[in-house]
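In this document, chain identifiers A, B, C and D correspond to the written order of the chains, with residue numbering beginning at 1 in each.
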Amino acid sequence: MTQIPQNVVEPPAEEPGALARGVPGRPLSPLSIAWRNLRKHRLAMVALVVLIIMYLAMLCDGFVAPYPYNAWDRQQAYHPAWNLHVVDAEGRFHLRPFVYVSHYEFDPYRNRIWREDTSRAYPLKLLVRGQTGTMLFGLLKTGVHLYGVQAPARLYLLGADWQGRDILSRIIFGGRVSLTIGIVGTAIAMIIGMIVGGISGYVGGAGDTVLQRICELIMLIPGFYTLMILYNTLPASLTSMQVYFGVVVILAFISWASLARVIRGMVLSVKSSDFVMAARAGGSSPWRVVTRHVLPSTFSYAIVAASLQIPAYILGEAGLSVIGMGVQEPAPTWGNMLQQAKSVTEMTFHPWLLWPGVAIFLTVMAFNFLGDGLRDALDPRTVGLKKE
Amino acid sequence: MIDAAAPLLTVSDLRTWFPIRRGVFSRVHAYVRAVDGVDFTVSRGKTLGLVGESGSGKTTVGRTLLRLIPKTTGQVFFDGQDVMALGSGELRRLRRRMQIVFQDPFGSLNPRMTVGSIITEPMLVHGLYDRRERKRRAAELLERVGLAPEHVNRYPHEFSGGQRQRIGIARALSVQPDFIVCDEPVSALDVSIQGQILNLLSDIQDELGLSYLFIAHNLAVVEQFADDVAVMYLGRIVETASRQDIYAHPTHPYTEALLSAVPIPDPTLERRHVRLAGEVPSPVNPPAGCAFHPRCPLTRKLAQDADVKETTTIFSDSQPVRIMARCTAERPSLRPLADNPAHCHACLMRQ
Amino acid sequence: MGAYIIRRILIALGMLIGASLLGFGVMKLTPGTYFDLLKMNPRISQEHVDQQIARYGLNQPVYVQYLRWLDNLLPFGFKPTESGSYLWVEESPAAGRPAQAPPEDEEEESPPAASEPAEAATQPTQPATLETQPATQTAQATPPAAGAATLAASAPPAGQPAMAKHKFNWPRFKWPNLGESFEHQEPVWDVITRPMLNTLLLNLVAIALTWLVALPLGIYAALNQHKLGDLVLSAISFVGMSLPGFFMALILLWLFAGMSNFLPPGGLRSATYDQMTGWHKLLDVAWHLIIPAIVLTIGGLAGLQRITRGNMLEVLRQQYVTTARAKGLPENRVIYRHALRNAINPLITIFGYELAALFSGAALLEIVLDYPGMGQLMFTAIVSKDEPLVMAGFMLGAILLLLGNLVADLLLAVADPRISYS
Amino acid sequence: MPKAITRALTVLSIVAVLVILWVILRSQTFGAGGVRPEVAGTVPAADYKPIVGTYGGRFVRATVSPPKSFNPVTSAETSTTEYTGYMYLGLTKTNPWTAEVQPELALSWTPDESGLVWTVKLRPGVVWSDGVPFTADDVLFTYDTTYNPKVSSSMRGIISGPKGERWKLEKVDDLTVRFTLFDRNAIFPLLIADSIIPKHTLEAVVKAGRFNEALGTSSSPDEMPVTGPFMFDNYDGSRVILKRNPHFYRLDAAGNRLPYLDEIVTIIVPDIDVQTLKFTSGETDILESVSGKDYPNIVRPREERTKKRPMQTAASRPTGSDFTVYRLGPSFGESFLVLNQNTGTNPKTHQPYVDPRKLAWFRDVRFRQAMSYLMDRKFMADGIYNGLSYPQYGPMSAHPDLPLAEANTVRFEYNLAKARALLAEMGLQDRNGDGWLEDANGLPVEFNLTTNVENEPRAKVAATMAQDMQKVGIHVNFRAMSFNTLITKLDYTYDWEACVMSLTGGPEPAWGADVWKSSGRLHMWFPRQPKPSTKWEVKKDKFFRLFHLWYPLQKKPSTKWEAEIDECFDKGIAELDPVKRKAIYARWQEIIAEQQPFIYTVTPENLMALRNRFGNVFPAPLGGVLHNIEEIYVKQGGSASQAAAQGQR
């Protein structure tokens, strides 16, 4: 954070010349400097905007998505993607896209042959009234959707799954799990890592040894096997919400140790720094020293580590879900939606089921860019020495 | 209530050893004897200058007596209280009276806190004053150390080194201490700023009647500032005397060597230049007897003097050197000079 | 250095015991056993299931089960007995011998599970009868002196054989083993060797590919910083880093195996493998390795390429490189003799970590791609609760991690003269 | 600015990836060209006329899990029997069309008048694959071993009486064995279909107490003489190779010794999907247990392949139409919903296993019938199996051709209105207008529904019924769990409410005694009852009595149906007269269809695909495609690749 290089020749008169750098009258906190640096990082800003849009969509899922996540229509099972038209059956062009009601029949080889009933077109509308869904993690109910078509027609921008549920709606609702699991998991791991690393580094001695051994033990166990074993220990009677937290805790259990070790290392170096000595000499209690001086110094690392770890959580959850260990149907997560696309038959005949994978890809990439930007913005020297 | 003549701080036989662990079971293999038996006193309202090369343990002394580093053995009495025996609550109360100013103006201020909160933090943790009063005092202190009161809301990185050192001093002063350890407060600063800071410290001392333990690595800084001077070499004090005595009549060869390095403003004066052979030995394995003997210039002299009978030969810089046998066998203790009991030194050859 | 390695190994042993306790404990949190699977088959009797459960000691307390498992692993094991005792073997009271209590204190700590001899008698499981029978036979058939000799040195002098109710069960040499897999009904070692080798094959191929491709690319990118090639590479890196491996695997599988039959859909060898000649066998395996190896390589490539590039740029900025250039050394020599060596040093640690992740790193991919490796094996073992197999995979993974870390540290010391462990 | 370029490039590549994905993911993605494979059904039994084939060739199949053992006595899992079925013969076998018992190693089996003593005449001239003749001693030895307490035999419980009674076997002469049973057993001819093992190699092993480990996967082929058409050759962890038994007893019409095939290679492919790919890419010759979901993929048009890949032998070169898909009618893996009717209490916590409020519903036949009305069997067939499955209403109704199947069972077709009406009759209706049902007390109607995760179609069946239950206003919490966990609940802890399961079935109801009898271990809705408990046992529990006052039963359902089922099974097993037996089991099917303890959903169609290069293929509804494996041969001159394969050998 040092803005003034040490070898700057000082003005002899000791006029606060160095102060001219800041905006007069307003303090330039480390955070605002970081923000200023981050703003220069275009790609990170694009990623940030993309993420903000995604999170907003996730928070307002019931409103943004045209259908609730479990709204099924068995007549429309495996409806292909993109049934919007601008040219009608008579070849006339319409400015407002519209949808026909469609239904399928099996051919002798059990392929679904889709036929559209062109007698009536259902135009795409904004702010339509439809099935009641929930938003803000189920706190609010909404019957109005950002866009949609009138029943009985159904809009399938990204196609439908085996029960005729809209993939796009389910992706938006799936964000409830996939977009939050990284943040919640990192927060848990960070809290544990900070506490353990802080205690271990600051107190030292036998406690340090024991905690370090525990950390090493956690880091020693093979991650993915442990994930699978731990998932199997989750009691069977859990609701999908509880399973979600179970998975978060399991993922955090795997990853807190490496965080704790790095934080311990930073605490060790910060601990012997003069400003910590000064705080102790000033009479601050150990608790105050740790919480006010030592741990905040590790925050910049923590923020970067968090942004770089979030993708790992998203991928971890998705990976577990893909092999059937995760939040179960009918609650959507990007992972368990992909699980349905896992079979080659599904991929060949219903490739639109792979869309949740694209959502994972975009999110992970956005977090990678953001993390990259944050690393540059916060502290290029002390952060990111080791890639996990 | 306490005798004003009694020294404010008495340090006796202080040792700080750091263990070195190695081997399969990481047993303690050896110790770094950073401080190895140090005695001195600091009088009220006076300044003791503690001088030594880097690695001589002077910073460790300063931090050990504030209990920032655990001691190995020894006692420290501050105003009659045994500092080393205090419980955590008493220690905190004592911390109000003993403060420290650090060498590095960049590392000693938490970059994440505003200047105001840095200065008010000691007051806060000691429960001094209310919120508004603390703010007022912070502004006042800033002004006292030569900064503008409105700087309270700024962050350390916006200041220059000298300004930061002033902030460090303001922080030390905020709880109105009686005693401040100044741990090389000016050595990281440009020469032009050094004087300003030293003057500031000196003014504050006059104003508030503080005592200082002033740690420095050369005698030049101490010369204008300290009342008494103690010279450290390899964890031990080799000479202690008043400022005048030490500059006028250095008795320990190490002090002489240090003094010879001090530039003399008066070109008419000439000082014999003593060059020290070799480097400071490792504190892990200090030389037996007088720790200074491998580098001691007196041994050169000894080579010519025939009247010293018991001698032995050592190799210093691969040169065979004859030295007094006692120097390699006996650890010299600090003894007063016969003519000046306030002037002590630890050289076997001169005792 | 030697002391350092010994110290690391001692710590590692402790860690392994900790890891095994952790793994075993976690696994025991789930209810049920592997043999519950059999219960849904009306043609399998309850008695059969019970017998299987007893045979593997799954009806005993968890700590006894753990000791059984641990005992298998030790070269000098204490022979497990069905009564659950490990140090003390219950002697069947031989006729004519006074059964008197021994003076030692330890003897009174009769093992907790030893109070179930009745159950052991009513449900004699196979290994038990096999093991105890010869022992009792020898004890009864031989005269006291010879009997004492078989009890090794602990037995008191012949003449007054103080036969205890329990006798100390001296550790004796045996080959360590990992137990027997429930599902495969075979020694675990036999079950895992082939998947282990398959996993090693896949990972080593992928690591070799990754390094062979990433290092030159990283160096190229660094030397052509900000030029088009560098930019294309970093763009690809970011995309490669963010594409989830399993998703990429699914897409490749679908494109090349599902839609076009161009690449094999999974597994490692064709059914006709053993009809092939040597050259074709090699090609067949290589053909099957393409999809998983590509996915793994792309996953690792992006990160490694970027790190190499970063390190190389860092080194090129150093003063000694400038000095070397200033000396007039040819540019190639500057780059490959001076810069490259120092740029690669930090990568050595990464190599160690890759080594550590050999077993479990590609687990998800193996499952998704149906590659017959450890990940696949462990997945089925975990789901069906084949505990000996799970523990073996778990421990092997842990050992490899420890080894990988140690190798990384040692390699670093070898490569970097500034680091030494003394 | 280079930075700008890198950004532009990254954005461009992301956009490119997205566009490519967009194009690809929009619709079905295979080409329309190529040839579709043929689709065929079963062959009538009358058309079963094998011709004389030619020797040679290998047959490659895939299986899900590796073999655990080749020991037919200790292992009864599919992973063992799919090999031992080819290796060891039983005394009898079942007809693949009619399920009748046919001679195999035994020529005849005749009971005496008491029905307890059966005289079994063995087939003369049968030798083990090592040349040793097969005699009555082998039969005696097999049953001795099965009854040996040190042997963990899967059959012992089934052929022992409740008090440990055993069959007594006597050797009358070398080719005659007399079985003396402890009770009358109508399925005795079926029971002796189990594999006979050789005495001359295994007797010493049994004596040494090592029989449980014998015939393991690491045993050498020499240790395993067999009577079946194929013998064990090699297992290397990923492939099992069975080779031709030169001493197999059957001859073809021309007097050649069967079988024709040289080898059966079974490769272990855990993933069904990859099995499909391996079949369509030509690696395997047969695709067993095809799911209806994958049917369109298997019959989709495929390009004729002309280019030869270096690593593929000519024999395995696939062509678009070189296989036929067989639709064999209903299989036996029916899924059903079962509701927990256990009235017991947990001895540890003294809590009832099932909430008494819910137990009252589950034990009410109207509730179960309402559930049956909620089964959208049409969608289950279409959405999960692409229409390739059969609705099922009773325990055997999907198999109208089975000898003991009774077609005239009650049917509860999908009808939400009738379901609502039945629930309303029970007092479960929407009382506050929120769309969800409440009981008389205003409490919501809710229960937990579960199934196991591993079986995807079953999970989909469960998800579908959960939706319909929600549609009529029942709060149903559906969660799939791992199989082990589920079994623990079903078998030990009994703390479940509703569950979708399926059982390994078969044409003979007597095998299911453990399921249907109230004392059975697999009597899932209330296992191991000391005596049938269909009557309300109100006095047992204080809470229960309290609730009982709140829900007075207007109409008591038939209370003794469980007892009647027990009776059916006890009588059925002892009844040797086929006509009377059929009547007994018809009554059982009627009870189940009406009482709905198992609420059946759909039975998937049994689908298989086989390469066209094999001759003597006579698919049968019960035996599948491979029931006459010894007669199946590789057609000569079928294709050039075939000739190449012959040449290579």
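Methods note: contacts are C-beta pairs under 8 Å (C-beta built on N, C-alpha and C of every residue); 3 or more make two chains touch, one makes a residue touch a chain.
Note that the structure is predicted; figures quoted are calculated from it, not measured.
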(request) Name the most central chain, where centre means the mean of Cα atoms. (result) C
(request) Would you identify the chain whose Cα-based centre sits farthest away from the centre of chain D? (result) B
(request) Quick one: report the Å distance separating chain B from chain D, using the average Cα coordinate of each chain. (result) 87
(request) Could you give the separation in Å between the centres of chain A and chain C, each centre being the mean of its C-alpha atoms? (result) 32
(message) Centroid of chain A to centroid of chain D, CA atoms only: how many Å?
(response) 43
(message) Taking the mean of the C-alpha atoms as each chain's centre, how many Å separate chain C from chain D?
(response) 35
(request) Hunt down the residues of chain C that sit against at least two other chains at once, touch-wise. (result) 30, 238-239, 257-259, 265, 383, 385
(message) Among all residues of chain B, which ones touch two or more of the remaining chains?
(response) none
(request) Could you tell me which residues belong to chain D and also touch two or more other chains? (result) 3, 10, 14, 17, 29-30, 273, 277, 454, 482, 485
(message) Taking the touch rule as given, give the residues of chain C at its contact with chain A in the complex, in rising order.
(response) 14-16, 18-19, 22-23, 26-27, 29-30, 238-239, 241-244, 246-247, 250-251, 253-254, 257-259, 265, 303, 307, 349-350, 359-361, 363-364, 367-368, 375, 378-379, 382-383, 385, 390, 393-394, 397-398, 401-402
(request) Please name which positions on chain A make contact with chain D in the complex. (result) 42-43, 46, 70, 72, 74, 77, 80-82, 106, 108-111, 158-159, 162-163, 232, 236-240, 243, 324-325, 328-330, 342-346, 348-352, 354-355, 358, 361-362, 365
(request) Going by the contact rule at the top, pick out the chain A residues touching chain C in the complex. (result) 213, 216-217, 219-226, 228-230, 232-233, 311, 315, 318-319, 322-323, 338, 341-342, 344, 347-348, 351, 354, 357, 360-361, 364-365, 368-369, 386-387
(message) Can you tell me which positions in chain C touch chain D when the two form their complex?
(response) 30-34, 36-48, 51-52, 55, 124, 126, 129-130, 183-186, 190-191, 193-195, 226-228, 230-232, 234-236, 238-239, 257-259, 261, 264-276, 280, 283-284, 287, 370, 372, 376, 380, 383-385
(request) Note which residues of chain A are touching chain B in the complex, please. (result) 1-4, 6, 8-12, 14, 16-19, 21-22, 27-30, 273-275, 277-285, 288, 292-293, 296-297, 299
